[in-house]
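Heads up, the next two complexes both have chain A, just with different partners, chain B and then chain C.
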Partner chain A sequence: MGTEEHKDKMSRRDFLRKSMRLTILLGVGGLAGSLLSKSMAGKMVWQIDTKKCTQCGRCTTECIKKPSAVKCFHAYDMCGYCDLCGGYFRPGVKDLTTAAENQLCPTSAITRKFIEEPFFEYDIDADLCIGCGKCVKGCGAFGNGSLQLQIDQSICDNCNECAITRACPSQAISRVESTEPYLMLGLRDDITWKNKS
Partner chain B sequence: MNKKLIISILIFAIVAIIVFMVHDLFFSNLEQEKPYELKTDGLNTYDSTLVLYDEVEPIQVNMDEVRGIAMDNEDNLCVTGSLTIVYEKNGKEKLKFSHDSVAQCVAISDSGEIFLGMHGRIEVWSFKGKLLRVWDTENSSSVFFGIVVDENSVYVSDAKEKVVLHYDLNGELINKIAGEDSSKGIPAIIIRSAYFDIALGRDNEIWVVNPGMHQLEAFDKNGQLKSTWGEYSNEDVKYFCGCCNPTHIALLPDGKFVTSEKAIPRVKIYSQMGEFVGFVAGPDLFNEGTKGLDLAVDSENRIFVLDPERKQVRVFEKKKDK
Partner chain C sequence: MRKVKNIAIIFLLAIMAWQTTDVAAINRFPKPEFESGHTQPATVTPAPRAVFMEYLDVAVLIAALSLITWFILKKRSRKGVFWMSVFAILYFGFYREGCICSIGAIQNVALALFNEGYYIPVTAILFFVIPILYTLFFGRTFCAGVCPLGALQDIIAFKPMPVKAWLEKVLGIIPYIYLGLAVLYAATGTDFIICRYDPFVGFYRLDASFFMFVIGALFLLIGVFIARPYCRFLCPYGVILGLVSRFSFKHMTITPAECINCKLCEKSCPYGAINMPVPEKEKEKTEVLVKRYILLGILVPVLVFAGGLLLSSFHENLAMVNSKVKLASEILNNTNYGVVGREAIEITAFKSTGQSVEELYSEAANIVDQFYMGSWFLGGFIGLVFGLTLIGLTVFKFHTDYSPNKATCHSCARCMGYCPVKPEKK
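After this line comes the complex of A and B, so read on.
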């Protein structure tokens, strides 16, 4: 009777051995599971929801990239090709010429090209754009809203804690799947995005 | 003594620097945090003495999408969109019927037939909600935006083709009105977003909005250009703002124009000569971003404004002292 009880009891050595095995097994399993879930989930990137964005201008000042990784993108298929473009001209300008004092963009990043009377095409020079959103606000206020702010994924460092996300007053920036990295209005496969990276 | 003075000056200077730093850090103008923001608030301001109308009880429309309104000769108000509802003068629902697709615009003939402008076709319904006829138009991708009816004709504005189609009451195309014809001095219709309204004048002339040119153009039934008026300004309320306005028009019984705009959502009155008279409703009466303010007028000069954001027909009566 006493010998059977002794057999049922686990020795200290067995206990330690089994515990060690279990710990290693759990560790390896957890690591494998973590790697598997990461590879299944895909990369997440920061992006601006254009419906929430208020074009406050903080993307320019807060982003760690200089100039900002936020750029103005142009949805050409939504554009009215206006001669009186609210995204190009300062409100209240007298002369609709390309003179710098008439332009809304502080860095003259928008070029205006005559197509045919009275249609003009507007292109964004991404290298000059600082992502201030002035043109976006002007276009949305007076036109069709074809100019929109987006984080250019080819420039963004995808920081763990995005500085402009913290500063955004309308919580318009969130992480999205890298497979669908843009959240522009009217984004369709058949739309031409000339400066889409 | 000298030492004490120096120490006092130093302490004063340090305190001054600290005060300056605290002020700069916490109490400086918060607007400095948004040095690049474009201010557009001032564009919505206007002189309230220019408002000629008072708003009365609106009609709440129970429908998913509201697109257009029209008034018949007995002051029944018809609202269309994902379905069509007719309201009596007192706002009570009189008729309601559904259709296969969303209607963009509506008109009611003197005989009580309801004409609906759909995508690429026109449907004619009885005043009892029965589908009478369907006109398949020559271009199936036509985007009909405005429709008006007189005793012999139906006029429909096609934002896709940038032309007004003139039909007889049986759907036979008679001619096309508006659209560029340099030999007759008719300018091209410039459409930058799908707004292209029309209205019938007192002398049966057809008033066509050329939104990209910020003007209204009058044509006779043969397509001859008779008159134009309208100018652009984002600053002066007397003119039309933005890229493409007005979006909708209606005519009062005395021939004055009622216009609505997007970008700065507002409803205004212009004289028969196109001179600014005053406001029906300023931008403060609408939600930000409201557009598609279709208009109708009843026999008592009340102005009905479709508000797609609030899904209401807003009703305005002229102020007694104006």
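After this line comes the complex of A and C, so read on.
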């Protein structure tokens, strides 16, 4: 009698275990199925919307990458090649030379190259750039806004939740499709940059 | 004639309207036309990591899980588990820099379930689901040496000390609370707290804030003496895997054949996850049992309700983590984020968006409402966990052999080496 009871108990336990297993399997399957219906096979990456960015400077400090994955990008197509560049020189600078004290960039990441009178070309050394956005602010205030902050996708770790997003006061960072990972102006062919003339 | 003129004017206006959309695109300083024949360089935009590489990660996950399961269940090899741990640290840890990870995927899943506008990547779903499936079939082999966080802690557990059973039970409730909080914050689109407070990711990235570096170092230091402190007393994914593992189809065993109760494996488990044989207890009186279960039956719903009530009274404090709620509160109270002398960056940025304060308030109120509902659920959930833990303590579990506790066993395979029993020859 006693052994029979014992056996009976074991089989009941087995039954419960089996049904639990099936429940979990169905639950996980259902969850995965419902999620798959609203998922995407492609990849989403983080990017800054330059129209929303206010160049607060937090990209430098909040990114988990040091130096930040946010870099200044130069849309040459929009650049006026100015001698007095608002992105290169400190405001109120005395003479327009490449002397360190004249430069706005804290890491001297912008090089100024003479092209022809009176035009200068500005290039950014991405290795030196820390994404502080000082030049972007200067260029946007006085110039054409050809300097823009963007997340360099070859550096970005594509974190689950971008650490800068949480700190960004302008909510300028969002997920974009990896097939078109840059949101800066002056890149795409369908927006043609016209001169004022 | 007038009609034609009107049409012409409308047409002209349309062109002008189209023109004005392009106003932002007109440069203050025209782009020069170079006489020296200088060609303008192209803007370099480095491409992101290829999509197929993400699927490679999934393939590596499946391969690693299969291999480690084979090492544990078939080969009964601790050495295999160790080298798989090293691989996980190198690949998922240092190479992938702790991202993508199954623990963090909980938040993607929660956000996708509660947020219509969020499209979850397929790889995040797979990283969430695949280890659960493996656990359902083979126990927590993922924890053993595929999870980079677990692998790291497992390797540095040099001098593990037993933790008192009552302390283990009490601390064991923390992961449930952490899981609940993580889901609440992810579902409201507030924050991914598991990722933010991941103690080891800074180690893998060789870069962390000072605060997180100290936390990570503390965990590693404690981990030398108390094995896997994060896995046992914090990991929210471990909660899910622990629950699933209870019903695992084929869990690892300490002995390859019949247990001979030699007690050699007794102290081998660094996690205190071995069920010891217990002497048969004298059966309690039915009245005592009935009384106790009636009491517990009343206590659990009371705990659930009390938990919900308690936490919902703090829902505004919980909601303050949300940046939008915080912004609304700062503007409402005119506190300027505690910044003196100038306007806070957040407020300047908000003004530049052109959104009205009323809109912001209604959005924030909406989020606070979500937190009110969420905190009821979270509080109830925590109450339930407390209640079920109490019930679990009163249930007498009878064991005749030494066997792994399926829920807390991390399948590290250490105990197997202590077993003198040889597998039966077929």
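Methods note: the second predicted complex is superposed on the first by the 147 of 197 C-alpha atoms of A that agree within 3 Å, B and C clash if a C-alpha of one lies under 4 Å from a C-alpha of the other, contacts with A are read in each partner's own complex, and residues count from 1 in each chain.
Methods note: a contact is a pair of C-beta atoms (placed from the backbone, for glycine too) under 8 Å apart; a residue touches a chain by one contact, two chains touch by 3 or more.
Bear in mind that the values here come from a model prediction, so they are computed numbers and not experimental data.
**Student:** In the superposed arrangement, which partner chain does A:106 touch: chain B (first), chain C (second), both, or neither?
**Tutor:** In the superposed model, A:106 contacts chain B only, not chain C.
**Student:** Between chain B and chain C, whom does A:45 touch in the aligned arrangement: first, second, both, or neither?
**Tutor:** second
**Student:** Of the partners chain B and chain C, which touch A:143 in the superposed model: first, second, both, neither?
**Tutor:** A:143: touches chain B and chain C.
**Student:** Which of the two partners, first being chain B and second being chain C, lies in contact with A:26: first, second, both, or neither?
**Tutor:** The answer is neither, since A:26 touches no partner chain.
**Student:** Thinking of the overlay built on chain A, is A:82 touched by chain B (first), by chain C (second), by both, or by neither?
**Tutor:** Touch partners of A:82: chain B and chain C.
**Student:** Contact-wise, after the overlay, does A:56 reach chain B, chain C, both or neither (first, second, both, neither)?
**Tutor:** both
**Student:** Does chain B (first) or chain C (second) touch A:134, or do both, or does neither?
**Tutor:** After superposing on A, A:134 lies in contact with chain B but is clear of chain C.
**Student:** Once the two complexes are aligned on chain A, which partner has more residues of chain A within touching range, chain B or chain C?
**Tutor:** In the superposed model, C touches more residues of chain A.
**Student:** Of all the chain A residues, which ones make contact with chain B and with chain C?
**Tutor:** 56, 58, 80-82, 143-144
**Student:** In the complex, go through chain A and note every residue touching chain C.
**Tutor:** Answer in residue numbers: 17, 20-21, 24-25, 28, 31-32, 34-36, 38-45, 52, 54, 56, 58, 64-66, 73-82, 115-116, 119, 121, 123, 143-144, 150, 152-161, 163, 166, 169-170, 175, 178, 181-182, 184-187, 191-197.
**Student:** Going by the contact rule at the top, pick out the chain B residues touching chain A in the complex.
**Tutor:** 33-38, 40, 43, 190, 192-193, 212-213, 232, 234-235, 241-244, 263
**Student:** So in the complex, the part of chain A that touches chain B is made up of which residues?
**Tutor:** 55-58, 60-61, 80-82, 84-86, 91-92, 104, 106, 118, 130, 132-134, 137-138, 141-144
**Student:** Under the stated contact criterion, what part of chain C meets chain A in this complex?
**Tutor:** 22, 24-32, 34-36, 38, 40-43, 45-49, 51, 54, 97, 99-101, 104-105, 107-109, 112-113, 116, 119-122, 124-125, 129, 132-133, 136, 191-192, 195-196, 205, 207, 244, 246-247, 249, 323, 345-346, 348-350, 352-353
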